[in-house]
Amino acid sequence: MQIQYLFELLGTGFFAISGALVANKKSASDWFGVTFIGFITAIGGGSLRDVLLGCYPIVWVKDVYFVYAILGGTILASVFYTTLHKLRKTMFLFDTLGIALFTIVGTEKALSLGAGPVTAAIMGMFSAVMGGVLRDMLTNEIPIIFHKEIYATACLAGAVLYLLLFYFDVNRNLNFWLSGTVIAAIRIMAVRYNLSLPKFRKDTGEPVT
Amino acid sequence: MQIQYLFELLGTGFFAISGALVANKKSASDWFGVTFIGFITAIGGGSLRDVLLGCYPIVWVKDVYFVYAILGGTILASVFYTTLHKLRKTMFLFDTLGIALFTIVGTEKALSLGAGPVTAAIMGMFSAVMGGVLRDMLTNEIPIIFHKEIYATACLAGAVLYLLLFYFDVNRNLNFWLSGTVIAAIRIMAVRYNLSLPKFRKDTGEPVT
Amino acid sequence: MQIQYLFELLGTGFFAISGALVANKKSASDWFGVTFIGFITAIGGGSLRDVLLGCYPIVWVKDVYFVYAILGGTILASVFYTTLHKLRKTMFLFDTLGIALFTIVGTEKALSLGAGPVTAAIMGMFSAVMGGVLRDMLTNEIPIIFHKEIYATACLAGAVLYLLLFYFDVNRNLNFWLSGTVIAAIRIMAVRYNLSLPKFRKDTGEPVT
């Protein structure tokens, strides 16, 4: 568990970095604004999950190291700003590992609080992607998850796999790594081969009111 | 109560349909994005009400059938997409019945949790309209309730009527139907006769900072 | 404490006035929309703080006078609309006093609920500024706190000072006035001398994906 905790802190710090890099380009310019957006990006998903589940104290109120991880991430983002913008592939990899980790952690937390499997899968996915959705709402963008190559869907698929294996009593650590890997694999495949989900419905050209 | 529960599920499914139809036009195109927006539209108001009241587990965590109703609604929206876009009057009628139902249900829930009448009326209105507000925030629109013909105000009026009759010990079922009908009637009148609330204040032409 | 409670009600009413004045210009025109935006502006920060801390019933559910203060503020905003728009300096002063008060009250509330100092400072700042952030999200604006002269940072600074003095056992009332004054002073200085925080990082001109 110690290693997983370390990963969670690293994941949080990483999401703060990625939030800060996006923030700085689009809508905030000073230290406060950028840190604020990094904070929401990193902690928004987990906070929403905890609030929806009524699990108090929520993650960063309980453990202040998550706040430190975010501050650390923002400072790194500032110091290595130019470098980080060039490291696209590394950033992409970290983001992929981050959503894989957060999905499984969120799913497990919901299960441990007595949620059913459908709710747990949704909560796992929320943990991973809602920080980004809140960031996009704050910065006045259409959330990226509505458009991008398969992203939240990879999280959902991994959460569903985790739950299946969970009910078949697969060893927890094995399940953790298997389901996490599936999320990362789907996401990487989606980007490499430019896969996207089927369109909901072709536009009919009808006006909508 | 059985029938009311069925109505609540139907109402949730219907709001998911209406969310999915709007979503698809404006800001999301694939299955995930549309379902996500349908989900928020359908469940956002009730979730916000439960979170603000501290009523855990919140409605769809407690009862997974609400999630199924939303998935069903989204699938229907996809299959009957063209038809549904043409059924404007039917859609309008369902929406009107939906907000009437959700307002009264939300008001009753707040009351049963010990909220005072003013809070209960606000919570009832929130239950009915905040899903749409969250949908509009997600899709980067100015919320429709700030502009449209009398909508949320009809919910408020119905909630106030419900509370008045409640304090005069009117039979609960009678009250439910009376207040719900008043909401629907106000809404239908407002659209038919193009009624809107008085303007807050004429624009003075002064610049605002 | 009686006087502080009165100040809190006045502060809430004032934020409703300021929310209503902004709302009316930009995105809502009828009474309902303006009152709704005034409501969110006035009560959003405190509600978010209470929900994140799991402190139920939240402030305006517990004490309906906060709702009355908001309604009173909205009515005043309508009646004295033109006058209030001209009273820029007065409005600015009230806003400054409001954020100072709300920051300290929020910090104290978080502390009393067992939050650590870092969380308490964040919650204090959230109490003061998140109502405005929610208002900006609702009205489809980039939140003003990402751009404006030092605003939320003044709140953070005051909260940190409060916590320092708190841990040095400074008398509570003295601490309250000292820390509040520091927030107001920083804010007034920032506007008078047009101070802003350092930029996060110069734009590199690199495209971001």
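By letter and in written order, the chains are A, B and C; residue numbering begins at 1 in each of them.
Here is the rule we use: a contact is a pair of C-beta atoms (placed from the backbone, for glycine too) under 8 Å apart; a residue touches a chain by one contact, two chains touch by 3 or more.
All of these numbers come straight from a predicted model, not from anything done at the bench.
> Chain contact topology under the given definition, line, ring, star, complete or other?
Its topology is that of a complete graph.
> Have a look at where subunit A meets subunit B and say same if over half of the interface residue numbers show up on both copies, different if under half do.
Different; most numbers are used by only one of subunit A and subunit B.
> Taking each chain's centre as its mean C-alpha position, how far apart are subunit A and subunit B in Å?
Inter-chain centre distance comes to 29 Å.
> List, in ascending order, every residue of subunit B touching at least 2 other chains.
51, 54, 137, 140
> Can you tell me which positions in subunit A touch subunit C when the two form their complex?
20-25, 27-34, 36-37, 47, 51, 54, 56-58, 60-61, 64, 67, 78, 81-82, 85-86, 88, 137-140
> Please give the residue numbers of subunit B that touch subunit C in the complex, ascending.
51-54, 114-116, 118-119, 122, 133, 137, 140-143, 145-147, 150, 152-153, 156, 196-201, 203-204, 206, 208-209
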